[in-house]
Amino acid sequence: MNDFSYLKPASRQIDFDKFDDRLLLYVLKYELSFATCISCGGCTATCSAGNLTNFNVRKIGLWLRRGETEKLSEEIGKCMFCGKCTLICPRDINIRNVILLIKKRISMLKTEKEMP
Amino acid sequence: MIEKSIIIPFLIGLIYLSIIFIYRFTKWIRGLSKLDKLRLMQSLKSRRFMLSLKEIFMEGLLHHKIFLKNPILGYMHMSLAFGWFLLILIGHIEVMCAKNSIFVPFHLAIFFRYFETTKNFAFSGVFSFLMDFLLLFVLSGVCMAMLKRFKKQMFGMKRTTRLKTGDRIALISLWLIFPLRLAAESMSANLHGNGSFLTSTFGNFIGNSGSETANFIFWMLYSFSLGFFFIALPNSRYMHIFTEMLFIFVRNAGIKLKKHNNTFTDIQVYSCSRCGLCLDNCQLATAGINNTQSVYILKNIRNKNLTDEQLFNCLLCGKCEVDCPVGINTIDLRITQRIESTLQYNSSYSYLEDIPAQKADVVYFAGCMTHLTPGIISSMKKIFQMSGENVWFMDEEKAPCCGRPLMQAGQYEAASKLIFNNTKKLLGSNAKKLIVSCPICYKVFKEDYELGKMEIVFHAEYILQLIKDNVIKVNNSNERIIYHDPCELGRTMNMYDEPRSVLQETGKLIPVKNEKQTAWCCGGSLGNLKISQEERTILRNQAVEDYLQYKPDILATACPMCKKTFARHREIKVLDISEIITNSISKPTEEKITKQKTKNKIHENEFV
Amino acid sequence: MIKNKHVAIIGGGIAGMEAAAVLAKQGLKVTLIEKEAITGGKLNDWHHLFPDFFSPKTVIDNLIAKTNHSGVNVVYNTEISKIEKLNGRFELSDERDTKFYSDAVIIASGFRLFDATLKEEYGYGIFDNVITSVDFEKLMKTEGKLLTAQKTEPKRIAIIHCVGSRDAKTGNTYCSKVCCITGIKQAIEINKILPDSEIYCFYMDLRLYGLNFDSLYLHAQKQHKIQFIRGRLSEIAERFDKSLQLKTEDTLQGRPLRINVDTVILLIGMEPGASNNLFTKNNKVTIDENGFMKPINMHENRNSSTHDGIFLAGTVICPMAVNESIENARAAAFEVISYLEKNKL
Amino acid sequence: MEIKSKIKWSEYNKEIAEDHFFFLRSCIRQNFNPGAEKAFISILKNNLKKDIFDDARHTTCTGIGYHTDIVPFETMQTMIARQFSLMTEKGYKNCAVSCITSFGSYNEILSTWKEFPEELAKTRDYLKKATGREFEIPENLSHGCDIIYKFRKEIAAQSNYKLINIETGEPLKIVDHIGCHYSKIFPEKGVGGFEYSKVLTEMIQAWGGQPVDYPERRHCCGFGFRQYLVKSNRSYSISNSRKKFESMEPFKPDAIITNCPGCNMFLDRWQYTLAQIEGKTYGGGTNGIPVFSYEELAGLILGYDPWKLGLQMHQVDVEPFLKKIGVRYDPELKFVGINGKYINEPLFTGCLK
């Protein structure tokens, strides 16, 4: 049989009705201030982990909004919880709590998947 | 035989209680690590055993620590605990005298007045007087406890614990025991005249309506209340009575809380009596947060329904640990729960590379927060210039975080990766001294880093040393200065004096009511991951309004986080110790600073 | 008739002067009370006005001419701290207890510039090459050129938008409206005097509300090579050679960005005047949640305060540009006239 | 180009020739749908009694080469000029174009010549040099689907079958897909413009079916020369088709009708690939949605034998559709070629999975 593995038929278009919002709803439930993020980049600018690797806090927020769960689980581990972003955010969003909630929710989803 | 039956409810309760205790105590002790068990055995043989006994007496019975804080409350606890203990003890001696033999059935003392209707044994008058007096002593405690439950302000307490059903049942049954005993003994006194001043007065108050059956009913009720209390005890706050004794022995054996839950955590959790003393000084209450204080956390750990929202909503300022009469390490216990809750997602930080270290005598690690207060960095640079030492500013460009905020979020394993990376660089520089200007970093470098012979120095200590060796000449501008003790520096690392002695050199240091161990928390703590910004503002304003009463010219602090938090309040001028020092040095050799520039500019060439 | 009525105006800025001139021309007795030694307020230190580089000096001279011509009695170096209402008339007094009596009062005390030292991470007052837009205007007005603290011509200049506005950390979550266009105007001015310098504007959103603001923006990009980077500045650190390292993020690229510049200009926002909460102490003039004076009706009548007889003019109500401030003052004058006619006692 | 008056496209009807067509074949239609062009000629000649001339000497319009940047514009103009010269030689004035891409190319060249007469002069010169031939510009250039659309009623009249489900009596839901080069380059060259082009929908309605308007109706079918021919771009191609299938699935269409050989081939073939990669079929159960070209469908309802129409070469088996409209067919003869020769079966048969 011919091998079609090189083909990726999924489209890059965000299908708003079907994106995985389990993380987003969980975060908004406990940290409503995240809803006011205007993606200004102050947090990424000041991020200490951002100096050492290609970690981007603002993108975490963008991915959270569009349900990029795999990307989030890869990247979220890079945060060092130093709290500088929370000190800079002009919207007073508790970003450190958002990161904790994402980590929590991802590990919850993992355990849910493992459960029969 | 029916008379004997009054013992049955009491016996059932007692047996149930002892089974539970034996089961729990053995489980806990067997659960300790081998080393800790050895330590425990050793301590029983050594002088520490007597020390523990003395502490059990002083704390368990007299509640000496509560007395120091709040005498009325102390008396109430003492009367209940010590009174009841004496009641049992002397009751047994009385029975021994009455039966003039050492071996007597232990339950007899409880129902002595019921069984022993005559008074014809040695010193019976003295005993009955003593027993009545002790009963009165205990009853006074019970009345005060009832009063406290409804009028807590009278006892100088702002808040008491909100009790759940389990505790409430146990509480009421405890309150019933002694009045019922009084009633029972007065009934016997009325019938057989074996009471003393208290019970007989109550006895003849009952008058002739007393009868044998009524007597029997009252004694049965008394026995029921005892039995019921013993059954309710194991899963209520009164579990604390016996667990605290075990806790005292284990603590005196030098056993420490581990970074994971083990039975020592259970011992500490069960020895919490939910007295609510940790509530008053917890600042979160002023911000309207009333369910995350230590007493509620310990309860939730016990009932296994602890939520992240409570666990991570605590400033880790350590005030409740100072207030806890039982000596529970509330902060470490909470951190251990945070470790357990975040165990699965410790990051690997595999992206950390080994940036080569720069050889220097002194390494300065500013820390993440200090990068957001450049005033501190530029002052420290000037101080290093003055000290003339060869300093390597390690994290000027980029460096991983010291790891402490990560630990406060419970991720110790992940933090160890940062610590490893930083340690390699620090040792690589083979400097003699590591200077930090942030107490959050100071604690982790001091306690969790192994830096061999490298001395970890907080910038206040370093500046004090420079002043003593008069490398820096400081002019006292006798401005009114208030020093805010950062939680991580004060309560956690017990450094209170160095910053003060530095500040005394530069201005008039005004003592404030809330300082040192009872200092305010600025509200900006990294320990709290759940608090909202509005709530932090309420905490900060509370502290600032208190400081403003003293009309300070400058509020000095030694932590970039405190400085950043206070600086958002417009009516108070906040400066770090290093900034005050650099300001006070430049005054004499420089013309009057122009009004509009609030920070002084230092001409570099002057010091090269 | 209302001819002999007396109106006191607090604040001799452009709003105060305009209101005074209009009222005086209607034949009313007007006292204009200014806390500084000269009228004109903050416009005195300004170099050019946006968007057409109009000279603020002409604006002030015309206003001074109008006020003198119409016989406004101007009182200098007096800062009113209390307004009392006694049987229908107002008594204004300052610390030294000089008293003024009037039938109506216009508060035109203007705004206060955001103190950039509060944004410590931007290093104003710590690093010499960090200046504010006001400092820049003064520099251009007095020396006509922009030099670094080391007296060299800056090769690279960064202009930072939203300093002290739209930032919960400084307590001001509102937008001060005029700083974006001021930033662009100043960028063009810098390009004119330092043609081979590189100028970068760091913004979150560009709020160019005015009619031909956008064309100035396009002009700045095309003719003056001003570059705009969408990302909020987080912190500034001083390099060894006193140049400044900015840490921000180019959010359109999605990557952190670090840039070394010689001079940083902070576009500071407008804050409610310091005197606002003074006036609210003893009478019913109220301030809104941002601290600006609260008009009775934001839509129909922005010039009447919540206290009958006390009127508001200019930036004491909210951030305004020069033209809006003057028009607002004219409207306030008209409100006063209709108020005085209404209760001619 | 005439000035575009403000007309509503849906009322716009282009002018289609009546008779005497010079047939311009497609390079690839016969490869994917072997019986299609033969059916088209037979329908015109036998059923509609029209005159259509199939000149053996005419060649490609070089559309595929041109769109993949291999064939320069001048060569294409000369090739097309040669086609027209053959037409003029045979005395025909109207062209019937079989392929949508060439329909686009022919129109492109015709409008180039109209706007830039010097190009026309140059092409005449090139053709003269290369082949010594002269040519006239055709009076009318229509696509095969325009012609079938024009005589759809006559075909309906002669048809033995209706596009109606014989069991339920419901009209079959047919999805129409218009090739992009048909009306998206020159909207005025498509019947009804490009937004609501009705060239295929009118056929469906005339023959009893019910057209389906699904959201991604005008989305590209995924052919796109550069997308498909370059292997690393091929994912674009399949993701386009997939998006159309996802969008039409809820409407449960019975068939897809197309007028371009490329769309026909991709909408048909990619259903198999998607079934292999994602294990998903869109026709319900393991069936795909059968894809017909307009001639095949016309032939079917006129009673042509399905296997003569070459329907067995389709990727998605057509049997379920044939059952729905009640066409009788002999399953054994499915893979029996002309004169009974067994043309052996593809690797796997039976709908998609």
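Going in written order, the chains are labelled A, B, C and D, and every chain counts its residues from 1.
The rule is short, and it goes like this: a residue touches a chain if its C-beta (ideal position, glycine included) is under 8 Å from a C-beta of that chain, and two chains touch if they have at least 3 such contacts.
Worth saying up front: this structure is predicted, and the values here are computed from it rather than measured.
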{"item": "Chains touching both chain B and chain C, listed by label", "value": "A"}
{"item": "Most central chain, judged by mean C-alpha position against the global CA mean", "value": "A"}
{"item": "Centroid spacing, where centroids are CA-atom means, of chain A and chain C in whole angstrom", "value": "40"}
{"item": "Length of the line joining the C-alpha centres of chain A and chain B, rounded to whole Å", "value": "37"}
{"item": "Intercentroid distance (Cα basis), chain D paired with chain A, Å", "value": "47"}
{"item": "Whole-Å gap between the CA centroids of chain B and chain D", "value": "83"}
{"item": "Overlap residues in chain C, where contacts from two or more other chains coincide", "value": "121, 168-169, 235"}
{"item": "Sites on chain D at which at least two other chains make contact", "value": "none"}
{"item": "For chain A, residues contacting two or more additional chains", "value": "46, 51, 84, 87-88, 92"}
{"item": "Complete list of chain pairs which touch one another", "value": "A-B, A-C, A-D, B-C"}
{"item": "Footprint of chain A on chain B - complex, ascending", "value": "308-309, 312, 342, 344-345, 347-349, 351-353, 368-369, 371-372, 397-401, 403, 405-406, 408-409, 411, 418, 526, 529-533, 564"}
{"item": "Residues of chain D touching chain A in the complex", "value": "231, 234-235, 238-239, 242-243, 273-274, 276-278"}
{"item": "Chain C residues touching chain A - in the complex, by the definition given at the top", "value": "121, 162, 166-169, 204-205, 230-235, 247-251, 254-257"}
{"item": "In the complex, chain A residues that touch chain D", "value": "1, 4, 6-11, 13"}
{"item": "Touching residues (chain side chain A, partner chain C) in the complex", "value": "38-47, 50-51, 54, 56, 58-59, 84, 87-92"}
